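Order of writing sets the chain letters: A, B, C, D, E and F. Residues in each chain are counted from 1.
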Amino acid sequence: MEQVDLITEALNLTLFGMGFVFLFLTLLVFVTKLMSIIIQKIQDSTPVEAGAPHRDEMADELDEEAKFVIEQAIKMHRGA
Amino acid sequence: MEQLNMLWANTGLQQMAWGQGLMLLVGMLLLYLAIVKKFEPLLLLPIGFGSILANIPGAGIAEGNGILHIFYEVGIESGAFPLIIFMGVGALTDFGPLLANPKTLLLGAAAQFGIFATLLGAIGLSAMGIFDFSLNDAAAIGIIGGADGPTSIYVASKLAPDLLGAIAVASYSYMALVPLIQPPIMRALTTKKERQIKMVQLREVSTAEKIIFPVMLLMLVALLLPDAAPLLGMFAFGNLMKESGVVDRLSDTTQNALINIVTIFLGLAVGSKLMADKFLQPETLGILVLGMVAFAIGTACGLLMAKLMNAFGKNKINPLIGSAGVSAVPMAARVSNKVGLEADPHNFLLMHAMGPNVAGVIGSAIAAGIMIQFLG
Amino acid sequence: MEQLNMLWANTGLQQMAWGQGLMLLVGMLLLYLAIVKKFEPLLLLPIGFGSILANIPGAGIAEGNGILHIFYEVGIESGAFPLIIFMGVGALTDFGPLLANPKTLLLGAAAQFGIFATLLGAIGLSAMGIFDFSLNDAAAIGIIGGADGPTSIYVASKLAPDLLGAIAVASYSYMALVPLIQPPIMRALTTKKERQIKMVQLREVSTAEKIIFPVMLLMLVALLLPDAAPLLGMFAFGNLMKESGVVDRLSDTTQNALINIVTIFLGLAVGSKLMADKFLQPETLGILVLGMVAFAIGTACGLLMAKLMNAFGKNKINPLIGSAGVSAVPMAARVSNKVGLEADPHNFLLMHAMGPNVAGVIGSAIAAGIMIQFLG
Amino acid sequence: MEQVDLITEALNLTLFGMGFVFLFLTLLVFVTKLMSIIIQKIQDSTPVEAGAPHRDEMADELDEEAKFVIEQAIKMHRGA
Amino acid sequence: MEQLNMLWANTGLQQMAWGQGLMLLVGMLLLYLAIVKKFEPLLLLPIGFGSILANIPGAGIAEGNGILHIFYEVGIESGAFPLIIFMGVGALTDFGPLLANPKTLLLGAAAQFGIFATLLGAIGLSAMGIFDFSLNDAAAIGIIGGADGPTSIYVASKLAPDLLGAIAVASYSYMALVPLIQPPIMRALTTKKERQIKMVQLREVSTAEKIIFPVMLLMLVALLLPDAAPLLGMFAFGNLMKESGVVDRLSDTTQNALINIVTIFLGLAVGSKLMADKFLQPETLGILVLGMVAFAIGTACGLLMAKLMNAFGKNKINPLIGSAGVSAVPMAARVSNKVGLEADPHNFLLMHAMGPNVAGVIGSAIAAGIMIQFLG
Amino acid sequence: MEQVDLITEALNLTLFGMGFVFLFLTLLVFVTKLMSIIIQKIQDSTPVEAGAPHRDEMADELDEEAKFVIEQAIKMHRGA
């Protein structure tokens, strides 16, 4: 009796388990495809990178100048 | 004289049970497989060495305050080591081929049938009175068929800690044996014509897609199967660190120092579960046989699913990439490529097989989550 | 049927509280800020991901035996992670510019007024009945103004663990926003002429001075404020490893593998404190507002202190380097340099600003020590 | 009443806190300056590095010879 | 006013006991030895810094929930840190010279007499009422003569945790002093003619031998002295990772990031045992004196054993390589070479001395195992 | 009385300890020599590496081909 229960439970688990695995991965297929389509649409409509130019620009400027200055400064301070 | 007696009474020789002696030989066999046969040496060398240390009579290295037992408690009982390894695997994974051809996810789904078939087999053997596996045991054994070491160890630590040693050894051994186990099955279940199918060149995948995918995967897991969230969460986190490109120093460390350190201690800790009294049980033999069956069934189902998909879709899939759905990254994908080249020396399947290969990792983690939800 | 119901009952969708859904969005916002806006990604990416994991309904990753909760207990409750990070920061810090011009330490002192003003503000809001912050809460919130992530986390873990998530997020977000928050304040409080002040070329600093400084700093802390000794001790230790030149292999590992590993787990563990029921409180809004105020006041006080010092000293200080006293190394120093270049394209303030910048780290740790001594 | 206490305490903490921060860092300024002056004095008076020549010398000799021998030895033993 | 008093009452100055002040000076002495004199800086710098942190009055960093006490409990009380370091040492060790001339193992055996002579000395001093060492204390002190830091720390943590600080400091200090302690003894006990003995060129050793040796060593330990298995097991594991050639990424990490990280925390944790009330005892002086004696006797016995073997064997051994049997790898072997070159500038003993040098590591671990078996 | 016991025990420990150290290392000398002799015999009798050619060969083939393909594939997929 008990063993029949065990087997039933195992079969149940298998059924639901494989079902869920397929459900999940099928869903993932669709969501992935959807995501790829959306991304490609967005990227086609913005041929050059848009994004957040305001802050990035500032950061970049900072980066370039600072890098130069840091290098100079390090040069001066070495030996120390 | 008394002290000489005590010294003798405390030697390993005097205290050794026959089982410990046998396990020392098993440990050396694992070292042999790792070093000479190059079977997944990154794991099997530490596991083999750990199992030798664990079975030294009288030393108690894998019990109480013994160092291997501490490693086990800290790293495996807590779930930390397999999850960290999975994070590292995520940081080493490229979802590009999968994103270029998402339907290969279904091959990774089909191959998980090996897991459930093995669960049924284990319960069947119990019902016949040959072994005495509980449903939890059977589920942990089944995950061997997922061909992902960390997933196996994680599930076993939750559902069947006593079997963890045998399950880990079976898992890594069969992953190493993929080039021997799979090709005969692949040749038997496909025609030469099928093996020669050329697949459509994969498209380029943008960075944005690669960044969004792990987050999307995590969200889907969060919504549908929270019990798979630790495994797939850490996996997605590792992958996001890599693909985002903004935390390269973290990603590099994850792929190198961190995963290496954890691998060493994971291996030693797993080895500590190969103590004679736990490992030398008839169940171990059952686990080894069932694990092999799991691999074979998973391989077959991946192949058959590909053939089924070819019956409906228009872009034909070479069924040889279906066997890569068991994961065992990247070995199974290389086997697909190798068997494909036998049929047509100009047909490189490797990148096509990488899709189902990483899909198999996701599929096994989902199966693991279901097991933990129903039984944990 | 029963099992289908159970599966559905256990999905995240079914179990989700509105708060958890909101927090998943907050987590994704943090990932967006980290990846696209590059806001301190080394911390905000792990924190954001951790907060998503923590808010997966039904998964319990940030509670009980969940892995993120384990990371929190092991690493943050014990104080280990922020202290190890601080050791790494020490190993990455060059005290040279500070040693060449020690009086810039006073700029780092003045900027700490942001911390105490915020404490007063938080208590004031409580007195008015708008929020309900205890003195401990107010102190932990104030430390955000110190602009040192590990110091904030360390103090919050001691004084107000419930607010840790919000405090850490505010701390790292505002550190990333330094280039936006500071320049308007800097321009408002200085005349163009002041911004054009050229400072005396910094002298060379000998290795001996660099080696003795961290030991001296530790001794002073030991004698005067033992409660700041863990933070400044680990900081000085990291710096001594680097400057001594005799343990380069330890120093290299500290600056790379070790700090990276700890950063990953610190971030995830902090993320675990962004669970909906703790984070979605009116207090969080208060913390975000007060944190911003703390930054602004600290910036202003650093500038004003520089102007005050110019009223007395003979070697004039460009007041723009005063704002670097809030720390946020090295971002704040780079902002000083940038605003200085606007006024005079040949006046490089970067190295001069590094002095108050690292002084701010010391100043905040001292302020933290006082808070812990009076309230801990 | 209670809130007044809270505010008083916060004011106290601020007063003592900022006072101590300034005290500490001012002290650090002086100690640092003193240290730098002493170090510079010492270094001026010992133009060539003194230190512990006895042991260092021995170690250096060891280093040079040993390095050569180690290289030779490794060369011989490789292949093994 | 009240608060000012409290602030003053809590300063280190006010709370300092004379002992703590003295220990701060001892800590600085250790830093001086590490940085300026380059005495084993990899350990003495963290130990020295740790001892300063531990003795900051009122900070409690080495007690209760203090971070150094946590490091101590997690890493040293558990045995993990010294064992991991020993694994790293194994991964850095080349048994080639030993395998080419196995009888030099006997030199490594003889040099262990320093350990037991010191044990007898410590007990003798106790019998005379000068100190009050138990047998456990005496055994832990004796291991200093083994000249292996991790072995000393491991044994002390098991047998005499209260003496651990002094033992570790003595151990590493004397290892650094090997070039001063050994040469006079070496010259006194050998004739110039003996020092000029040229040894037979070492044969090439195959990879197979190098791979099998650590496994064989472990098996012998397992059978004869299980209590030495943790130490020699981790040592053999590290060596096997290196020599097997199949897990290079694990071996590299073990030799670099892992050993460096653990060294830092081991050093700090050992430093925490240098708290004034434990360290400033007459016993510490006894330990320092006895440790020196242990080194001297070990050196002498290694030399004498070589002379004894020359009385019987046909391939003459240069007795200068006997002193390398105390281990202190590779310093002692370099001293052998150096003293040998004084007698004959064309006689390079370095590789010959590496045999007894690594044999000394094994010998000390065996001696440690015996101590733990009889007294642990 | 007690101290005499302590001394006796220490002497015992020394005796057995040194004895065991020598026993162990002497045994190790013999076992090592034996091992070396056996290894050298085996290697002399198999001048070219034997081992497990079956699997290794397969693995090697896999390696070479796969490496080429991986490189090609990576090249194609970069930029993506």
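Rule of thumb we're sticking to: a residue touches a chain if its C-beta (ideal position, glycine included) is under 8 Å from a C-beta of that chain, and two chains touch if they have at least 3 such contacts.
Computed from a predicted model, the values in this text were never measured in an experiment.
Contact with both chain A and chain C is made by B. Among the other chains, B has the CA centre that is most remote from the centre of chain D. Farthest from chain A, judged by the mean position of CA atoms in each chain, is E. Of all residue numbers that take part in the contact between chain B and chain E, under half occur on both sides, making this a different-residue interface. Distance from the chain A centre to the chain B centre is 24 Å, each centre being the mean of its Cα atoms. Remark: chain B and chain F have CA centroids separated by 27 Å (rounded to whole angstrom). Inter-chain centre distance (chain A to chain D, centres taken as mean C-alpha positions): 43 Å.
Here the CA centre of chain B is 41 Å from the CA centre of chain C.
Shared contact sites, meaning residues of chain B that touch two or more other chains, fall at 3, 7, 38, 205-206, 224-225, 256-257, 374. For chain F, the set of residues touching two or more other chains reads 16, 20. Residues 3, 6-7, 10-13, 15-16, 24, 28, 31, 34-35, 38, 41-42, 45-46, 49, 52-53, 56-59, 61, 65-67, 70, 256-257, 260-261, 263-264, 268 of chain E touch chain C in their complex. Contacts from chain D toward chain C in the complex involve residues 3, 6-7, 9-11, 13-14, 16-18, 20-22, 24-29, 31-33, 35-36, 39-40, 42-43.
By the touch rule above, chain E contacts chain F in their complex via residues 98-99, 102-103, 105-106, 108-110, 112-113, 115-117, 119-120, 123-124, 126-127, 135, 138-139, 205-206, 208-209, 212-213, 216-217, 220, 224-225, 359, 362-363, 366-367, 370-371, 374-375.
Those residues of chain C that touch chain E in the complex are listed here as 78-80, 83, 211, 215, 218-219, 221-227, 229-230, 233-234, 237, 240-241, 244, 246-247, 249-250, 252-254, 256-258, 373-374.
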